[in-house]
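A, B, C, D and E label the chains in the order they appear, each numbered from 1.
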Amino acid sequence: MREEINTGAAQIKAAPNPTLVKLSTFWRKLTSSKSAVVGGILIIAIILIALIGPYFVPYSPSATDTANRLNGPSLAHWLGTDNYGRDIFSRIIDGMSITLYVGFSAVLIGMTVGVFLGIISGYYGGKIDTIIMRFMDILLAFPGILLALAIVAVLGSSLNNVIIAVAVFSVPVFARIVRGSTLSVKKLEYIDAVKALGASDARIIFKHILPNVASPIIVQATLSIATSILSASGLSFLGLGAQPPMPEWGAMLADGRNYMYDAPHVATIPGIAIVIVVLAFNLFGDGLRDALDPKMKN
Amino acid sequence: MPKELLKVKDLKQYFPIKGGLLGRTINHVKAVDGITFDVYEGETVSIVGESGCGKSTTGRAILRLDEPTAGEVEFDGEDLLALSKKDMRKKRKDLQVIFQDPYASINPRQTVRQILEEALEIQNVVPKNERAKKIADLMEVVGLGAHQADRFPHEFSGGQRQRIGIARALSVDPKLIIADEAVSALDVSIQAQVINLMKQLQRDFALTYLFISHDLGVVRHISDRVIVMYLGKIVEIGDKTSIFDNPHHPYTKALLSAIPVPDPDAQSERVLLEGDVPSPINPPQGCRFHTRCPFATERCRVEAPELRNIDGMKEGHMGACHFMEEIKNGTHQVE
Amino acid sequence: MFQFIVRRLIQTIPVLIGVTILTFSMVRLIPGDPAQIMAGESASQEQIELTRERLGLNDPLPVQYFDYVSGVVTGDLGNSIRNGRPVADEIKVRIGTTVSLAFYSTLLSVFLGIIFGVFAAVRRGKLSDTLVMIAALFGLSMPNFWLGLILIQYFAIGRDVLFFNTGWFLASGWGTWQQMVLPVITLGTAGAAIIARMTRSSMLEVIDQDYIRTARAKGVKERIVVYRHALKNALIPVVTVVGLQFGALLGGAVITENVFAINGLGRLMVGAINSRDFPIVQSGVLVFAFLFVFVNIMVDVIYRLLNKRIDLN
Amino acid sequence: ACGSSDDDATGDDTSEGTSEDANDAPAAEGGELVIATLSEAVALDPHGSNDTPSSNVAYNIYEQLVVQDENMDLQPGLATSWEMIEDTVWEFYLEEGVTFHDGTPFNAEVVKANIDRILDEAVASPRSFLFNMINEVIVVDEYTVQFVTDYSFAPLPAHLAHNGGGMISQAVIEADYEAMADGGDPGATINENPIGTGPFKLDYWNSGDEMRLVKNEEYWGEPAHLDSIVFRVVPEDGTRIADIETNVAHISDPLSPSDVSRIENTDGIFVNRTPSVSLSYIGFNVQKEPFTDVRVRQAISMAINKDAIINDLYGGAGIPAIGPIAPNVFGFDDSIEGLEYDVEAARELLAEAGYADGFDTTIWTNDSRERIDAATVVQDNLSELGINVDVQIVEWGAYLDDTAAGEHDMFILGWSTVTGDADYGMYPMFHSENHGTPGNRTFIANDELDRLLLEARQNPDPDERQALYSEAQQILVEEAPMLYIHHQEFLIAVSDDVQGLWQHPTGILMLKDVTLAQ
Amino acid sequence: MVKATDILDQEPILEVKDLQTSFFTDKFEVKAVDGVNFAVPKGKTLGIVGESGSGKSITSLSILRLIQNPGKIIGGEILFKGENILKKSEAEMRKIRGNEISMIFQEPMTSLNPVYTVGQQISESFMIHQNMSKKEAMKRSAEMLELVGIPSPKQRVKQYPHELSGGMRQRVMIAIALACDPELLIADEPTTALDVTIQAQILELMKDLQDRLGMSIIMITHDLGVVAETCDYVAVMYMGKVVEYAKVRDVFKNPKHPYTVGLLNSLPRHDIDLGDVELQVIEGSVPSPDNLPKGCRFAPRCPFATELCHEKLPDLEQSDNGNQIRCWIYTDEWDGDQEVDVSAKRTT
């Protein structure tokens, strides 16, 4: 057939494993995106540091040295010391994993629940939609602090419960976004085509709608990581966040609040660390979104 | 007389319009408003008409992609509308659909193989270990070549994508295929390829087509019988030659005359219709075409015409106009 | 349009009822006894019991809920447990402050967000685009208290920071423009960042539309193409974000009010939560929810006014 | 009458800063003093609130029968003198010719009405604990009043000096009762209309924001110098500092220890330090393993470097505590030796108790900066003994609930002996009758201690009382139900323009004799 | 090389010479328009036909210099009334756009700004080019709507695009385009999105307006029926190049290029019955722009292609009937069957 010549842009003749093909195109696209590469390298670095960094830090992250408190950056303490004289550099490194854990898990939980509710709402419409979305409205209109207090009251005060509380705030955001996208995706003809093949609702939702509402989810998720870390730290003043001496960045930031004038580095350094992580994930998220979009040429 | 595969009786599809203080239904879009026709095994029936006249809605209602408001759809002797959701899913093996938009009608995230595999899996047409072969066969049948199975839709041209859609429809060995504007989006040179393919498949697999199109050239080429719709109603139905060479309804005539002929010497007498198709929310009383019909009389404004056969029409050729005889004889008087 | 607003208001009722139930049960779910907190660390048991009785805290929960809701309906929000004042008065004196704080901050967010969003979109892919978007990420990840304190240091105290005194504004209170500038910036920055991102992507979508090409084909100047033809369309999806953003602002107002010593609803609420001042918390949440819903109805109205394609009914 | 002699003493005493800078600017009558405070007053009914911000305002509006000077010694207030005429009867002689802001006279009837109100269960005053030993108030004549107590209660004058004993106009009290009869909340009328005999009157109160007092021109004693005082709520530390640095406020109360150096380095502002009558402590739940073992409690007490906490974290604002009461409180005995900081000895004790390898435990604190700081250092210090401490910050409401229920291991709290008498500082906290909410959150139950505390509060003789309290303190040091951290020092930032200010050891700002430089 | 003006009987108003427009994507250059030549006679209509992606729209946008990033006009000349448009400043260009050269786009739904009224959109042209006041412009807008046959124009000017039907929107587009009496109207598939009965109305209207206003039209379409009905000259494009440029009758009656023939052959017709024969097809599809054939662009799909065709790109040459064809068959270098009859399959 002549068409072979015409469409032979990608010279794949034999038929290798389709998942491999998918993965390799995905990889090729991902690595061809500048932002994905920069973001990816940053993320890998962050993860590596989070994993092995704590074994190489110069000081114990919880060792207080009250005689040397609130010192600015110096050779001995690269990023200075905090109000207990603890080495901020060591704490940043040591707290990386817990911070990532907080940010990630909160986003993951909020996203999972929100996406689920949003898809159900958008796909089925009608009463289900009304009920779910009204409920989301209630959540949105409800002050987060109270919700967090109540959750912790029921489940007890632990970092994990705080994560749940933070996740709950982000559910309506995801639900709204996903519902909107679902409404437009479900109108596409290919959804009707698989329906006409006899596909069940579950198959349509998970195999056909979900992947196609992925991009806004990715964008929102990468942004939410920052807000989740910050919200979690905001709760620590209610005694709900990370407990001392846990070097969770949000808590470090909040701690630094009292020394904003004399020793602004105590709050600024964890703040910058959060921004770097957020930046890394956003860059990567942008690249990921493009790579997941098959319409973008490789 | 060949067997009737599909019998549609008095099919209605109303879409609710919400509004008012409590968001209740305050009105309906009467997209399809009581149409009746049969499709015989192995033939191609086309539905033509202007945009919004209810062609697609008819197709979707038959497939139960939207649940019809009223009417009967009998397929192969079985009432489709009475089936449970689950039984309907099984039944879907026999009725397939090809859509207009070669870009929107296949999931951009699946390779051709995955698309076909999924279809086979859903209806479990062939055992798992034979699926690869079946896919390869299908690819050859639609002229794509088995080696292209692992590519993504965006790596194909529009015509090729439409072939993927056809392969997907064929994969479950259906009896009836509803083709909703299946070739409208394609360039002429590609369109011809796909039309030829569809005709060939019909011969090879004894398929029946319900072919929805607004392109009368294509319709004339592919159909055995033609249904002309206007604003949710059938205005004329008949075999292809009757409709094209001996149209009786004024709308059919206007429609045929409006199409530009690719021949600079052709001197057609054009019936120019005034205005646009009215809204299906509040369709005109009486004959729905009367607002644009050059022959409309008071009767047309009040009384809705029935489909009927008159002298000089072939058997099975029917029009829905009060004045078919008069117009034909040239004795019609517009008040 | 009137019908639409009325319908939206009716739809609000279940939401508000949901909010009252949720608040009511949550306040009672959280540990901490208002009587105990009021009495302090060193109060006798009888003392606390007496207080509980007086406050009606010993009634069965459904009775308490009913009392509360019937109070709300008849306009009687009860009295604060902490200081005995009528809840309605406590809310009345603060609501204007919080609403104006949120309003000006929204205004700032929208203004900055749109300017930067358009700027970045027009320079898509260029260095300035990247820089603006990175700045937006910074804006998003900056905690309010941090920004607030930094602004106070630099622009309220302002001494020794630059070569001249930059103490142009005041650090506390609300009323004069010198008092309002810093809190509004503090509260509005995150929103500006979000709106900038939204505006940018929305602009990028719109700028490729056919009608933009039509405008250019008419000979319209590029600046007018961008600001008149493209922006008005690009704002349509942005508007809905503004509504949600307003909700986030109300939440964020707590911290800003605290930092700038602004006597607003947010601070009242946090104080009330801490002292388990149930009547204030319940009514405060309701007011917040009502504000939120009201603003979102307004946003919908604006959305519909902007988006002529949507039928008003 | 009582005020003037104190004034001179305090004037010198307050701070060198004042006198030095005061010389440049002439002090003058009048002016408005602006105080930026952390929290707002809860109520202006002195019987209806129990918080320092309320006391700070109320102290200027209402007066008590007795006042305490900066050494916590009792001085005449609205009463010129007093005596214990029987074991259970105190007689007070009142100042004559004093009128309230509303013109009504102050007399024995008024005193009776006030005390009765505090003890009235319907009012549910949070201050009733101060006077619940009073059985009856007897009006002897217009200016003589007797208090009959259930048992002999020596510290009664000290209790009457507490600003919970502030005298409210009888007319207002009656109006308040009337309002209560109509379903109003107790104290609501008084809050609206706070009428006392004090040197200032309420001008307005914008809830949540600011409150203004104006001078009482008809004051019975020497009138105040200031025209008015504004209390503004500024919750954020940094913002209060900004306000004083930008001359928006004259006083920032309190000042965080971490900001002391900044204030000291800024021209025109100084730090005012005042030793307090309060204690900050880490309590052990003595009914919970391993704190049931006194050796464990002692070991922990000895392992903590209080000096480091005070000097490094609190900027030296306070003195290390030996026992529960501060040096300026009646009953304090400076001969008692505390447990010394000695990590080695602590290690040995712990080993003796069978915890050579330490153990895991938790320490609770609420969201107070200073308490979290202490917890963090304690956590680090104890890790040297192998004790693994999990710090948990608990929200205040829940904190009070749960510590009262005894769900804690270790916890950090404070106690202020506002009466300046050891009874207030020790009876609620250590008597086994007061487990839980009333104050004994360590759940210590020691018969000997119970006996001493009871006897000391009922014995009319100061010397005998002192002896009893010495003994009790000795027991408390040895038993170590809590780790006594420090008696803090109040820190406030004050503008150089402010002269004649001093702060009471209970934290109340003394504003009557303040003047502002023009 | 031949000149595009050669086949015209009239003065040209526009002459496009060797126009080249490319898109520079990250990986490669897409030569969307690759050396296009044609001319538009005064007062007449030139049709441009070709498959999707052949460069019709990019050609027309190039004429108005409305190519957006990453596209760029990289060569050639566009002579409008003898002046090279490509040499003009952006400000001069704006004076031409919507004033001397106007354009109608394919999608009437998306080509009108949804947030402005129809009147506002028409009057903008008047305000820009004729300095009219708002009020005056609005009045003229209503007159324009009347001109394009919209009933009760005074009310219509206040309506938004979504309140009008597709046919009416396209009339509005025409009104916008005609507002300033342009000398050249470019209509890029003006009826593709419309129903046949509406299309007939619009085509009728355009013909009528051309007769009355005497403007020149470039009619871009892929519908050969529309071409036959409205055009005087036709340029057939394939992959960024003109392959046949001829008088309209010749294209239909005596097509020369195998691609033109293929197009005509593959067209199903409603006016004649072909019986049950298969449609003649052009095999294959348009190559992707990043993988252009080396020789003749059509060679991979051409039933007559020879070695030469695959190797070398032919020029646009004058053929025996005076039209211009880009095909080796009509040249002396042709190495295939000398007797080849390209048009023989046509069954009309």
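Structure notes:
By definition in this document, contacts are C-beta pairs under 8 Å (C-beta built on N, C-alpha and C of every residue); 3 or more make two chains touch, one makes a residue touch a chain.
These numbers were taken from a predicted model, which means no experiment stands behind them.
Ranked by how far their CA centres sit from the centre of chain E, the chains are topped by D.
Counting C-beta pairs in contact across A-C and across B-E shows that the higher total falls to B-E. Mean C-alpha position of chain B lies 31 Å from that of chain E.
Inter-chain spacing, taken between the CA centroids of chain C and chain E, is 54 Å.
One finds 48 Å separating the Cα centroids of chain A and chain D. Multi-chain contact residues of chain A, defined as those touching 2 or more other chains: 1, 3, 6-7, 9, 149, 153, 257, 260-261, 297.
Among all residues of chain C, those that touch two or more other chains are 11, 30-31, 145, 149, 153. In chain D, the residues that touch at least two other chains are 238, 395, 398.
Residues of chain E touching chain C in their complex: 61, 64, 66, 93-99, 102-103, 105, 107, 110-116, 121, 124-125, 128-129, 160-162, 173, 176. Remark: chain A residues 62-64, 66-67, 69-70, 83-85, 149, 153, 157, 236-241, 243-245, 257-262 touch chain D in the complex.
On the chain E side of its complex with chain B, the touching residues are 51-52, 165-168, 195-201, 203-204, 222-230, 248-249, 252-253, 262-271, 273-274, 278-283, 285-286, 288, 348. Of all the residues in chain A, the ones that touch chain C in their complex are 134-135, 137-138, 140-147, 149-150, 152-154, 173, 176, 223, 226-227, 230, 233-234, 253-254, 257, 260-261, 264, 267-268, 271, 274-275, 278-279, 282. Chain C contributes residues 30-33, 36-48, 50-51, 54, 79, 82-85, 89-90, 93-94, 145, 148-149, 152-153, 156-157, 159, 167, 170-173, 258-261, 263, 267-268, 274-276 to its touches with chain D in the complex.
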